[in-house]
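In the two assemblies presented below, chain A is common to both, partnered first by chain B and then by chain C.
Presenting the complex of A and B:
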């Protein structure tokens, strides 16, 4: 009986940990990122979003990547708003997780 | 004879086009100081040492004049243009909106009563401090504890558009008005006195240095240093040995320029 309880507990723990494993990767394409003041400014604005980690800015490619950790929900509108606050217009925002990928092109 | 004169004229044009543009006192290239995995932004020459803001690695470093690091100050979140006053280094911390001070190895945080949004440059002189407030398009002037706001967002004289650096010299405020592609000069009451370089095709004016005789400005995208006299007359342009210059520091007849993309410091002398 104890063995069954132990196995059940193990399954519950596994289930709980997998439900928290909702880390997302966000890719943002932005023009005009050559100036460090602008690039680090964009980083500063994106840092305001809850759960954001590992912001990386590739100046030459105009590509920003970041992770949203934990169970934080993130919307493309929120990201777009932060990019615009930093003085840029996002060309494309991609949010992906383990199961599905949503891609939206901003016109 | 006319033909020879014409050919000589063309030859002269070609020759001057290949060299740094010489209008006033010439600056000669001395050497390039290579930096390892550093994209320097702010720069302050300090005798036999250089202070460099290494934003990429979230630290300020002190190097000798060959670029060897003699001291590291880590955990400074994206340090920008520096100021040196009375042996104290002032560092605007871009991500936290604080000012960090370094004195004899000791780091302290200075919180401003008027909060900037991304402080990008600082200048300290006697009892006056000026901070370039990048996202608020203004300069915060703190004089004997009193705060005065200089400039507002815009493109006209007296207005600023993403200022990145500031210099206080002889009771005047010199601003690298980065995305207006010019320098602006204000008095301590906020009156706009001069616009400099607006006709010189500067493409992002990121860093400024002012000495007793000259105003130096970096043209980040144009890979140039433009040097003016105090009457706003352009007297010299350096367009070689630079790679996305962000800041200038002049000390003992030498000019040091931080090359953001080149991971180096260019040294020139008069």
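Presenting the complex of A and C:
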């Protein structure tokens, strides 16, 4: 019985850790971002990537951040190509693991 | 119609038609001057506005619809169809579709840096005499235009210069525009912006050697990433034909999907 409990616990831990590893946070330095109304095309192109959520565009920093959820694989080349298709110049791209944290609203 | 009157009417139509083409091709700010930023959308957007051109001969109201489509990142095509209503001081009101224009824009140069961009493109516009003869010139015209812009988060500068070849032995035109844009609110995304513009929009008609140069203040409210509303007045500061009073436009740009 004890052995079964250990095996179950192991499965749960493996499941949790692998789901954390699947979500990614992507930071893209984009040059040419100077007109907010022109950035809609960039948002649309990045949304074509499967699993993309929470696109945030910081014009002052020239930085686009987004999350990719699920088991989708993403490559720097794909992101680069989407930014170029939108008419901007991609620079440094950073892809890192992203762990969702639960948030509580304190009233 | 006497030749001098024909020339004046042609110049008025040319001001309506060619300045209209410039405005409609602008994909982002500014209001009356073309922009070299192509937005990166395949399609799904349109632009329309109402424009009143007031002259001593009467008023003309123009309601165009422009639909652009990006074939590639650097090549855009599109069509512009205006609907025109004339309110002449002497004579009955006339209305109908104006001449259809097809256009292509090819990006020539793009230099991007952090929060800044310098771009230049070549635009070709072909206008066909498809409109009702009472509200549009019965001519073909082909316009080549160089459009250049430097856009930062603090201000924008846009210029365009174009030459129009006109059929039926009617005079060719030189069109030139300059725009300075100043955002009043912080630049963020999704956008909520209030932008002020001061523009110079000129046209010289060859053969008759008539020039018109407008000073054009304008204001633009961007309420979301897909919708903006804008308004502009144009006062003539050079008016060789001596009949132009002002133009006023109020319009929207909307990206459907």
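As a working rule, the second predicted complex is superposed on the first by the 78 of 107 C-alpha atoms of A that agree within 3 Å, B and C clash if a C-alpha of one lies under 4 Å from a C-alpha of the other, contacts with A are read in each partner's own complex, and residues count from 1 in each chain.
The rule we apply is simple: contacts are C-beta pairs under 8 Å (C-beta built on N, C-alpha and C of every residue); 3 or more make two chains touch, one makes a residue touch a chain.
Note that this is a predicted model, so its numbers are computed, not measured.
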item	value
Fit or clash between chain C and chain B when superposed on chain A	clash
Touched partner set for A:37, first chain B, second chain C, both or neither	both
Dominant toucher of chain A (residue count), chain B or chain C	C
Which superposed partner A:51 touches (first chain B, second chain C, both, neither)	neither
First, second, both or neither for A:89, with chain B first and chain C second	second
Partner chain(s) touched by A:62 [first = chain B, second = chain C, both, neither]	second
Candidates 19-27, 109-117 or 163-171 of chain C: the single one with C-alpha clashes against chain B	19-27
Set of chain A residues, in rising order, touched by both chain B and chain C	34-38, 40-41, 43-44, 87
Partner chain A, residues of chain C touching it in the complex	27-29, 37-41, 73, 110, 112-117, 151-153, 156, 187-191, 193, 222, 225-226, 228, 255
Touching residues on chain A, where the partner in the complex is chain B	34-38, 40-41, 43-44, 47, 87
Footprint of chain A on chain B - complex, ascending	39, 41, 55, 78, 80, 94-95, 118, 120, 134-135, 162, 164, 178, 204, 206, 220-221, 244, 246, 260
Interface residues, chain A side, partner chain C - complex	29, 31-45, 56-57, 59-62, 84-89
